[in-house]
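Take a look at the structures listed below.
Here chain A shows up in two complexes: once beside chain B, once beside chain C.
And now, the complex of A and B:
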């Protein structure tokens, strides 16, 4: 471990700027933990405003008619489910409320467990029947071949669903075999999978696509929304909260907004603190230099 | 022949994948579908190779009693347990699903959640305005960080009839400078992919054949 330079003054006390610039990381961890936990226990109910991207996401599903088909791809694993599960739940609630037919799948080996839980809970909430109102095709190895092959034939790509039932015997998939039969594709992702859906399913087959992305990934897909290759998207937990507000169903997204606000605010406060220390250090160094020059003169 | 055969094969398959994009010819489309099906099979086999490689790596560590060999025992035991559980009761019930819901999910979520604490600590130490570029990055970071939460929507001012908040400025940063930079990167990457693909099809780029090709 690298030793910290000794910045103590003549009296042996650390200068104030040094305290500001070197807050113990355990203090930071404790403060952040408190900032996240307290608003979850004592909600502040900060107002959430709807962004144009989330409004577009909502509108894309809202314009569909009962019986229209959508594909919902669970493109994530348990690591990001705190951020993305609220989007999946809200999307399915919106879809089932509108009586849309949902064809779910996952491009991640760790995705089936998540998809089964989210689909199972929301289907039970709305009394949806497996096979007629929704199906789960499961996981297929190799996302690039899967996305491209689905454009030629969904049933050839997934000859059986996740439970081993032949795809051609599922009532929902009768007459549904290509992107042309699908009204909308939804990718909930924490990786570049959304970009691949846009490039291969959107670019090659003209599929309309909306996406829910982790906050980090959302920053990268703005160009696709700007060029209308992506019809709408939700960015991070804030996007999920906006969408929950639009469908008028409070979930983990809205509940998490206060905690996220407080955590971001505290991180900014710490950054400001560090920079105040830096300015003080520079002023002190300048003063010392001027003093030395004066005494030398 | 050892070098020419794969290069010719690469040329033919590359040209097929290129031509299929521009023609609805049923024969070519059928071959295209064959290639996509084979690709999934090959991917499945690479997964198996990955598992084999993982087992061999950890087995060697256990055999030689290398540092941390106990963790290797847990890794192999976990792998065998999950495979056995899936074969015994399937993926949708029993111990496999239980392990996924109660062990893998919480552990992966916990690892990711820990990032919040490290990001907080790292931001505090790294975001120091030591120069113009650092100050620019710092300012943009702070604006986007606050602008992407409800608090940022409350911090703002009225100018005439319009309300400008940190969220407004954050949206501008994400929609203009961010899009411009990302678009530039995307175009550069795509041109690079096209150039590499042409080089592979024409046999100029042969590193995929291994050493000495």
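And now, the complex of A and C:
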């Protein structure tokens, strides 16, 4: 095993760039934690700019008339609640405020608990009645068959709602049975589910779709927005914050933006410092090699 | 007793137990990890069995008399033959059916929506007359798409003009990876924000009544 080169200066002290390259990772965790926690306790109220895609998402719901039907699919599980719950809350607040009829479902086995909590809280906030203003169809195994079959018959795909009530006895579903009866489909997703809604519901049945996506997924969704296969979308917590600003209701998205900005600023600093350290180390090693070659000659 | 408050305390304790891994591995983290695995396994087993076997098979076939679901259900049962090495081959019939059906309805739609529509949408923004900015953006996208496709063309050596174009393609790929990395950082920080909002905002609010 080769010994590490001694990069200490003449006085025996390690140069600053060497220290930069050997920071204990726990120090970095602690600094990030402080950068995230402090703005939550002492908000800075940094401005949030609205992106065109978030504006389009808002406009798609805003243009609907009271009584219009929307499908809201909770395509995520508890691991991404922090990013996507704010979008679900804001979407339902916007929809209920406009008196839209919401048909909710989930394509994930871990989704019913999330959907019931978000639906229950927002419906209570706006005095919405289950069965007439909104319904929850629950979880249906195999998202591919679910999405495709809903184009033929929603009630055949979900013969009962989440609570076992026959779908044909729900007032909201009277005369509503396929994508053609639905004004807008909203997919709140942390996976490729949004793409499958676009491919099958959008491509095969011409369903108008908007989506809220986790940050990691958002970068894959942009092309669908550019090609107009998606009419609007929200990317990550930033997208949720933009949408909350548009509906004028501060939620977890807007409250988290200061922390998000501070953490990003800090990570940029870490990246710059790390690269400065790396470049300095390489320059030093190159200088040492040139010095050795000179003395050998 | 208000069980939701007890639930908040348990959630807070588990959050701190998971965070403790950032210092070093310890029994509190292990306990939280094992609890998550156990609870998840139990939850998903019940959820899949209830929604798949009971709601989609047992109730329609045996209570409502939809016997046409029986062949599909029996085909699904063949999967259980994987549990014994000697009968594993029988399960392949169910897998073959599933793969064939999935391919049948996925491949044409995917080619249409993920490839053809995307190809068709490469240039229109430049021709929409939305100004020089839109034209420039569409032109950059076009250069990116072509150069990346050439980078993935392996039937000729990447030298000369081909090599220079594929270098441009690599640059575009790096920009794409950078954007992905940025979004990934944002996503991870968002998860941390979610936990901190719970610890510093939701928990005190709930406990404060």
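Annotations for the structure displayed:
To be clear about the criterion, the second predicted complex is superposed on the first by the 282 of 297 C-alpha atoms of A that agree within 3 Å, B and C clash if a C-alpha of one lies under 4 Å from a C-alpha of the other, contacts with A are read in each partner's own complex, and residues count from 1 in each chain.
To be clear about the criterion, contacts are C-beta pairs under 8 Å (C-beta built on N, C-alpha and C of every residue); 3 or more make two chains touch, one makes a residue touch a chain.
This one's a predicted model, so the numbers in the text were calculated from it and none came from an experiment.
Applying the stated contact rule after C-alpha superposition, one finds that A:275 touches chain B and leaves chain C untouched. Of the two partner chains placed around the shared chain by superposition, chain B and chain C are both touched by A:215.
Judged by the touch definition given at the top, the superposed model places A:229 against chain C, while chain B stays out of reach.
Legend: residue contacts after superposition of the two complexes on their common chain; A:141 is shown touching both chain B and chain C. By the document's definition of touching, of the two partners only chain B reaches A:46; chain C does not.
Within the superposed three-chain model, A:19 lies out of touch with both chain B and chain C [touch as defined at top]. In the overlay built on the shared chain, the residue A:110 is in contact with chain B and with chain C. Once the two complexes are overlaid on the shared chain, A:265 sits against chain B while remaining clear of chain C.
Of the two partner chains placed by the overlay, only chain C lies in contact with A:203; chain B stays clear of it. Chain A residues 29, 32-33, 36, 79-82, 110, 112, 140-141, 144, 148, 204, 215, 219, 223, 226, 235-236, 238, 260, 263-264, 267 lie at the interface with chain B in one structure and with chain C in the other. Those residues of chain A that touch chain C in the complex are listed here as 26, 29, 32-33, 36-37, 40-41, 79-83, 109-110, 112, 138-141, 144, 148, 159-160, 195, 198-200, 202-204, 214-216, 218-219, 223, 226-229, 235-238, 252, 255-256, 259-260, 263-264, 267.
Note for the complex: chain B touches chain A at residues 21, 29, 32-33, 36-37, 39-40, 42-44, 47, 91-92, 97, 100-101, 104-106, 108-109, 111-113, 116-117, 119-121, 123-125, 127-130, 138, 141-142, 145-146, 148-154, 167, 171, 174-175, 178-179, 182-183, 186.
Every residue of chain A that touches chain B in the complex is listed here, in rising order: 23, 25, 28-29, 32-33, 36, 46-49, 51, 77-82, 110, 112-114, 116-117, 140-142, 144-146, 148-149, 152-153, 156, 162-163, 204, 215, 219-220, 222-223, 226, 235-236, 238, 241, 257-258, 260-268, 270-271, 273-275, 278. Of all residues in chain C, only 22-23, 43-44, 47-48, 51-52, 55-56, 60, 102, 105-106, 109-110, 112-114, 117-118, 120-121, 125, 176, 179-180, 183-187, 189-197, 200-201 touch chain A in the complex they form.
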